[in-house]
Structures are given as structure tokens and as C-alpha cells.
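Here the structure is laid out as C-alpha cells; the discussion comes afterwards.
Should a chain be cited, it is by its letter among A, B, C and D, assigned in written order, with residues numbered from 1 in that chain.
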Amino acid sequence: MSEIWTSTLVYVLVSAVVSVSLLWVSRAVRVRAKRSSELKGATYECGEEPDGPAWVRFHPRYYVVALVFVLFDVEAVFLFPWALNIRRLGLFAIVEMALFVAILLFGWAYALRKGALEWQ
Amino acid sequence: MLKTEAYRALLESDFGVQEFSDKTPPCIEASEHHRLAATLKERGYTLYGFVAATHMPAVKGAADALELAGHYEVATGLRCPTAGSHIAIWRVRLGLDEELRTLVDLFVGADWQEREQYDLVGVRFADHPDLRRLMLPEDWEGHPLHRDYPIDTPHPPWR
Amino acid sequence: MAVDESDRSYEHPLYTTLERMPGLDVATTTIDKLLTWGATNSLWVFPMATSCCGIELMATAASRVDADRMGTIVRGTPRQCDVMVVAGTITVKMAPRVLKLWEQMPEPKWCIAMGSCAISGDFYRDIYSVIPGIDTAIPVDVYIPGCPPNPEQLIAGLMRLQEKVRAVRAGEWAPKEERPETAAMQKTAPSIARVSSPERSQDITLAQLRGAGNLGLGGDMKRKSLPIVTAKAGPPAEASTAATESTEPASPDSAKAEDVED
Amino acid sequence: MTLASAARLGVDPHRDLTDYDPEADLMVLNMGPQHPSTHGVFRVKLYLDGETIVRAVPYVGYLHRGVEKLLEELTFVQATPIVDKNDYVSPMTNEQAINMAFEALLEVEVPRRARYMRTLFAEMSRISSHLLWLATFGVDMGGALGGGTTLFLHCFREREYILDLFELVTGARFHYNTHTIGGNRHDIPAGWAKRVHQALDLIASRVDEYLDLSTKNAIFVARTRGVGTLPAKLALELGITGPILRASGVDHDLRRDAPFHAYDEIDVKVQTEQAGDCLARAHVRIRELSESIRLSKLLVDGLPEGPICGGRPIKNPTQFKAKDGQAYVALETPRGELGTYVIGGGGNKGASPYRLKIRPPSLHALAAMPYLLVGGTISDAVVILGSLDPIMGEADR
């Protein structure tokens, strides 16, 4: 029993070390310019001056598309572990996941008919 | 009939051009410039060719009044894009402060080409939509292709 | 001080912290060697390609003379690049943009003048709208002659830059000695003094920076003055810049930045 | 572009912005002078509503090097290396344009072998120019590190063969300075024709490989079909010539309509398309590539014997003098009609032109940008600019 926990412990430890060290090392060996003009911080826009505000009101269709994407992304999150252990879980899991996907397909059909996915 | 003869006949009949020389394109009055372009466009010269302005400085003791005071000479070309493609070129002579009627309402492509000639040579085009500089920065003084514009004009702080 | 960073235009805060720890002083030289190895073998190129040399720059990045084999990738934004390769003629209208892009590149950065137009302006040199060489505005590290230099020469230039970077970081870089000023050299000197030449005056640099700052054409960031901002804890070695930075240069403001003297 | 004249054409480049609240809704984006996909230093100021381009204002002049002023200072003989640098993707046609204009002005005869060699060089530089266009069009499409690099690497590999062939004859990869008034300076070395055949067969066998990568590739077609449609009437009025005009359905090619060099002795099959969108321009250029390969093989075999330079050998730069006279000569480059209008009788006691105007086909193509961009998205803007294939050295002179 204990070696299952040790492997997960090692897994968590290694992932923590890698992620932290990535951040820490790049912070440690950073370079600072001795003299830099104020242009260093200016926004890069192909060498030109940016014109007009960047905070512009966008069309609501972007929000709807993002919403639909998140919905099906979360569905995928459930699919992955299910697909890995499908042999062990047996027939019951297949029916369960089919039902889950069907409900979401129904939502997708609704979005399609309401034209949420139309771009123009 | 070959297009060159047809073009010459048109100039003789409608635009009163007498002398033709094979070394230089025919020269017409500034007021006829727009009308010639319109008639040529009807006759099939639908492809916009080019516009080339030249600054001719004053020539002392010249017979012609324009030569005496220095003038611009604007050459324009229109091409007919069919087989046996011929480009009809004509010249117009302008005083230094006169304005030549623009061709933008006939050929939209003339907009940029005339802006470039104004920018480099300095000839002005009447009722052009926005006659600004095309090539040089907006705050540039002088027109580079003028005869009296020195080629290595400094432009601090860059050169 | 294990690693002397006085002649570099950048500094590593890591070395100063390591100095304070008694035992780790020796580590700075090895870390510096490691960082040098990393920097020289991954020189990412920022293609300031304006004319014909840009085509040779593309040919160098293509398959026959592959620049990737020495770790050189051509990147589109200045934020991710180390070397700005100025390839082609720089005109008066383009020069402030080039200087702005140069300023926006993070340290450590180097500049390669590729082709004779970038080195001296070539035969366009004395034309009203062409810069007589990019080193009148930007400090250039490696000059690659040719019109256009073929791809092998560009690779040789990049390798020459690698040697220079290694020598500078190892502290053995002897800047080339200034030859005595002869009449011929004076005749061919560009109208604006080069950045590396001693008689380069500070207000030309500031005027150029101000030109790069206020590009006009609808730029809503009207920069009043552009003092050279020295790093907060930077060593006050260059007293000269600190001096001019505080007092506003009263030089005759020929550049078009109209609202400088507030 | 006046709104009136543009509306007459049914194309409104600057859609009326009154119903947009200027501050809040439109984002202004500079596709600026330094941009990986602007093929040189060209800048477009895009007014965006979300992703759709509502208005586009192009700016040129970032590479204006005053070539016309410089050519007024130099003599006829010295002009060739200067003009090489204008259209730096097919420099051969630059040299030919200016030397043909001087030959017309100075009435100098060009021997038959020189005219044949000029035609051959023009066709081979069309192959290398269209290969470079296909390479950069691939990168515009797929991005430098994305899928576009395959097309880029393939086409540049083939282009190197053409540059090697030119290097054998003239000694340089481009900027050859091989044409003078009255003919050519470098004759063709022995065994060169065999190498040309090898290289052209290699490129011909790979052209259908490019088709799979481009016009037969579903993503390529999806991104270019119906994008940037240029009506023929607008193209003619803008003075657009070359592959862009032929893709809009106008069957006009100077090589067949007003033959120069030795084009009257060979028949050029002009490739046209009707749709006028980016895909049509791609089709025209790729078919022109194969056509140029066929023409080059024809020309290499049929190269006549004889002298390669008609005029007296060049001894001093002020050898050719012209008191007056004007000449306009145009020839078909890979980008369209490159015309040279020269007035004789300039400085150096008549040895340099009084005025020399170069008609840049790329500048006319760029003038179509406001018309084509409106209504598309930013990714379409990149594709449209790539399909126009502008060269800023020639547009800004």
C-alpha cells in the first residue's frame, strides 16, 4: 500500500520542484540594463506609436463563443480519465458516459440552431 | 488602322495639335488635359499608365514665355489593354504656380501617382481629394526633384 | 569582484548577491561562463530587413545555408531577440522607428550592420532621405560588408559576433584602437558623428531619442522629454549622463518634437 | 480616394464612420513598417471593429531612397547598378527596363543574341521571383514556425538553383549589372545550357509538389478563396498590371500584346483567371511559373550565335550623349508593367538623363489595399498583402 503513496509523493515533489525552479532560475539569472530610455517600456506596435485606446467594447459574439468552448472543454476533462479506465469500469460506465455526452450534444444542437456559432 | 495613327488623328482633329515629332510625345493645352483623358477612356484606353512631372528652370533669353519663367512639364500615359497594346502619351506645360486638373474622377489610380508627383516635383493638381505627401514625411520642406534642391540636403538629427 | 561588469551595458543582480555570501564568490565565474555559453549559442535575430539584404537574410534562414544550425532563429518581435540585424537602406522616415525598436529590445542586445547600405549608406549615402550608416544612431557590434553579402558571409558575421560576445564577457575584449584622423578619413566621415566616435555630442543622441519617442502621426503618447533613465541601483559610474540627465539640454531643438521645453 | 469616385465603382474603401462612436468601438492597429508579413517596409493603419477591418489607410515611403534624383546626377552608363536595387527580387528586369529606354533614346541597335539572352534572363528571373512569392505566401499563411515553413524551405531551395545559374553567367547572386546600352556584358559560359536544363527539369518535377502544398491544400484554399476580390474595372483604373490584373479576368500581357526583346519570335501562353481573389492570383502565378520553365527551355535551346553587344564598347562613362528627346519604354516584369520615361539632355554635357521616371507596378498594386481590406479580418489582410506581392524597393524608389 505504501509504495503507491510513495510514487504519488515523488510525482508531486518532482512536479513542484520543476515548476518552482523554472520560475526561480529565470528570476535569479535575470539581466538588468544599466541605462535604458523610457522607450523600453513603450508598447511594441511594429515600430509605430499606438493610436487610440486598447480598451474597446467588443461584440458579444466573442463571449458566446468562449462560453460554448468552455462548456465542451470541461466535457473533455471528464472524457479523458473515463477513456483510460474503460476496461476496468465495464458496461455501466459506457452507458453513463453516453448519457452524459448525449445531454451535451443536445446543448450543442440548441446552440447551433440559435446561431450562437455563426461568426458574422 | 493602327492605334498610333488613330491616336494622332484624334489629336489633330479634336485637340488642334499640329506639329508631331517622333522624338517627343505631342504637347496639348493644360485645359484640354482632362477632356483628352476622358475621350481616350471611351476609346478603350482604360488602363491607367503613368504621370511624370518635370521641373524646367528658367532659361534666360528664351522666346517662349513659359521657358523664360521656368515651368513644369507633366507627361501622362494611358494604355489600352487589348492585343497590339498601345500607350497614348501626351505632355502638358504649366507655369510654376498653375494647377493641372486631376484625373482621379476618371482613374482612381491617379490619386497616389499625382500625390507622389506633388510630393517630389511640386506640381499641384486642382481638386485632388487629399493632395498630401506620399513618400516623404509630412513635415518635409521643399520638393526634392526641383532643379535647385541640393541632393544632399541635411536633415538633422538623422543625416 | 570575480566578474568585472563595469564595461558591459548590463549587469546581473545575481553576481552582487553572490558576492555578499562568503563561500560562493568563486561560483560567479562559472555561472558567467554558463550564461555566456547559453547566450552565444542561441542568438535570436530581429530582422530589421528593409530592402535587398532582407532577401539574403531570408535565404540564410532557408534550407541551403541554414542559420538554425547555430541556434539563430529569426523572430518577429523585438522582445524576444538578442541581435538586431539591420539589413538594407535606412531612410530618414524609417530611422526613428529603427531606434525605437532598438530601445525596445531587452538587454543583453547586439547589432549587426548587414550590407553596405547599413554600414555607410552605400551610393545612396549623400541623398536627402538616406541615413549615412546605421552606426550614426545605434552602436553597431559587427559590420558585414557586401551588396548584398551572400548568406555564408552573414553566418561568418554571426560567428564573429559570438567570438566578440565570448571575449567581452571574459574581459579580454580590446576595443579597436582609434587610428589618427587623416584628411581622407575626415572626407568620408558621415555628416552625423558615429555613436562610437569620441566627438559624438550627447544632444544628438537625445534629439534622436526624442524623435523616436514622438513619432507623431496620431501617437497619443506625447513624451515630453526622454531622459536616459539609469537603473535604480546602478553604479553612478557615468557621471556625464547623470549630469545632462538632470538638467534639460537647452540645445537648439531642430527635431520637430515641438513641446520639449516645458 | 474620394468617396464619390469609389462609390461609383461600387467599392467603398472608407466605409462611412459616422455610425461608429470613434472613441469606444474602433480599435486602431498599425500593421506597421516592421512586420514579418508586410514584405518590406509598408504600413497599413487598420481601423478594426472586433476582428473585421472597417477602414485601412496605407502609408508608403519608408524606403524612399531618391533614386530618380540620383539618376539625374549619374550618366547613362552608370545607371544600371543603381536600378538593380529597385526591384530586388527580379533585378534582371530592372536593368533591362532602363537600358531599353536608353537604347530607344539613343537609337542603339541590340543584336539578336543579346535580345534572346535578355528574354531568357527575364523568364528565369520570373521563375525565381514567383518562387520567392510562393515561399513568403506560405509563411504568411502558416506562420514562421507553423505550417508555412515547409513551402518556404522548398521554394527557397529551388530558387538557389536559379541563383547559381545566374552566378555562373554574371558572377553575382542578384544585382548583376550585366546589361549595358546595346546588349549584355557577360556571355554564356560553355556547358551552361546543360545545367539550365537540369535545374529546370528539377524545378518542373517539384512544381506539382507545390500544388499539393498550396492550391490543392484545403486550408490554403479556404483562406484564399473569395478573399480580397479585385473587380477588373477597379484594377484597370488603378493601373494594376501583371498577374493581379490577369487574375481579375483581363487578358493583357505585354510579352504578347507589345512584344519586346525576342518575345515576337516565341509564343507566350498568357494565363488568366476570372475570380480575381487571392486564390486566382495564386493560380495565375503558379501556372506562369510552369509557363516560364517551358519558355526558358525553349530559349536556351534556340539561342542564336553572334555578338552580345551592339553599341561601341564602353570606354568612359560619358560616352553616350543625348541632346533632347523623350522615350517611354515598358516591359513585363513578374509584378506587372515596369515603364521607364526618360528625357534626354541632362547634366554632364548631355551624358546623363534630364529626368527619369520609373513606373512602379508594385505601387499601383498597393493602391488597391484600402479597397481589398475593408470587410475582411486581420488574417485576411496578411493574405491579401501577400497575394499582391509588392516589392517596397520598387514601390518607394
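In this text, a contact is a pair of C-beta atoms (placed from the backbone, for glycine too) under 8 Å apart; a residue touches a chain by one contact, two chains touch by 3 or more.
Just so we're clear, the structure is a prediction, and the values are computed from it rather than from any experiment.
Q: Enter the minimum step count from chain A to chain B; a value of 1 means the two chains touch.
A: The fewest touching-chain steps linking chain A to chain B number 2.
Q: Hey, which pair has more contacts between C-betas, A-D or A-C?
A: The comparison resolves to A-C.
Q: Can you work out the whole-Å distance between the CA centroids of chain B and chain C?
A: Distance between chain centres, rounded to whole Å: 44 Å.
Q: Just how far, in Å, is the C-alpha centre of chain C from the one of chain A?
A: 39
Q: Go ahead and note the Å separation of the Cα centroids belonging to chain C and chain D.
A: 34
Q: For chain C, which residues are shared contacts with two or more other chains?
A: Residues 93, 97-98, 101, 127-130, 216-218 of chain C touch two or more partner chains.
Q: What positions in chain A touch 2 or more of the other chains?
A: Answer for chain A, listing residues that touch two or more other chains: 47-52.
Q: Name the residues of chain B that each touch 2 or more other chains.
A: 136-137, 144, 149, 151
Q: Going by the touch rule set out above, what shape does the chain contact graph take here: line, ring, star, complete or other?
A: other
Q: Which part of chain B faces chain D closely enough to touch in the complex?
A: Result: residues 23-25, 46-50, 52, 54, 75, 77, 79, 81-87, 89, 91, 104-109, 111-113, 116, 120, 129, 133-137, 144-145, 149, 151 of chain B touch chain D.
Q: Quick one: in the complex, what on chain B touches chain C?
A: That would be residues 136-139, 144, 149-159 of chain B.
Q: Which chain D residues qualify as touching chain B in the complex?
A: On the chain D side, the touching residues are 1-2, 4-6, 9, 60-61, 64, 66, 68-70, 72-73, 233-234, 236-241, 245, 250, 252, 254, 256-258, 324-326, 328, 330, 337, 339, 341, 343, 354-355, 357, 359, 363-364, 366-367, 396.
Q: Which residues of chain C touch chain D in the complex?
A: Residue positions touching the partner: 47-52, 54-56, 58-59, 62-64, 73-76, 88-89, 91, 93-94, 97-98, 101, 123-124, 127-130, 147-148, 150, 217-218.
Q: In the complex of these two chains, what residues of chain A are touching chain C?
A: Listed in rising order, the residues of chain A that touch chain C are 28-40, 42, 44, 47-52.
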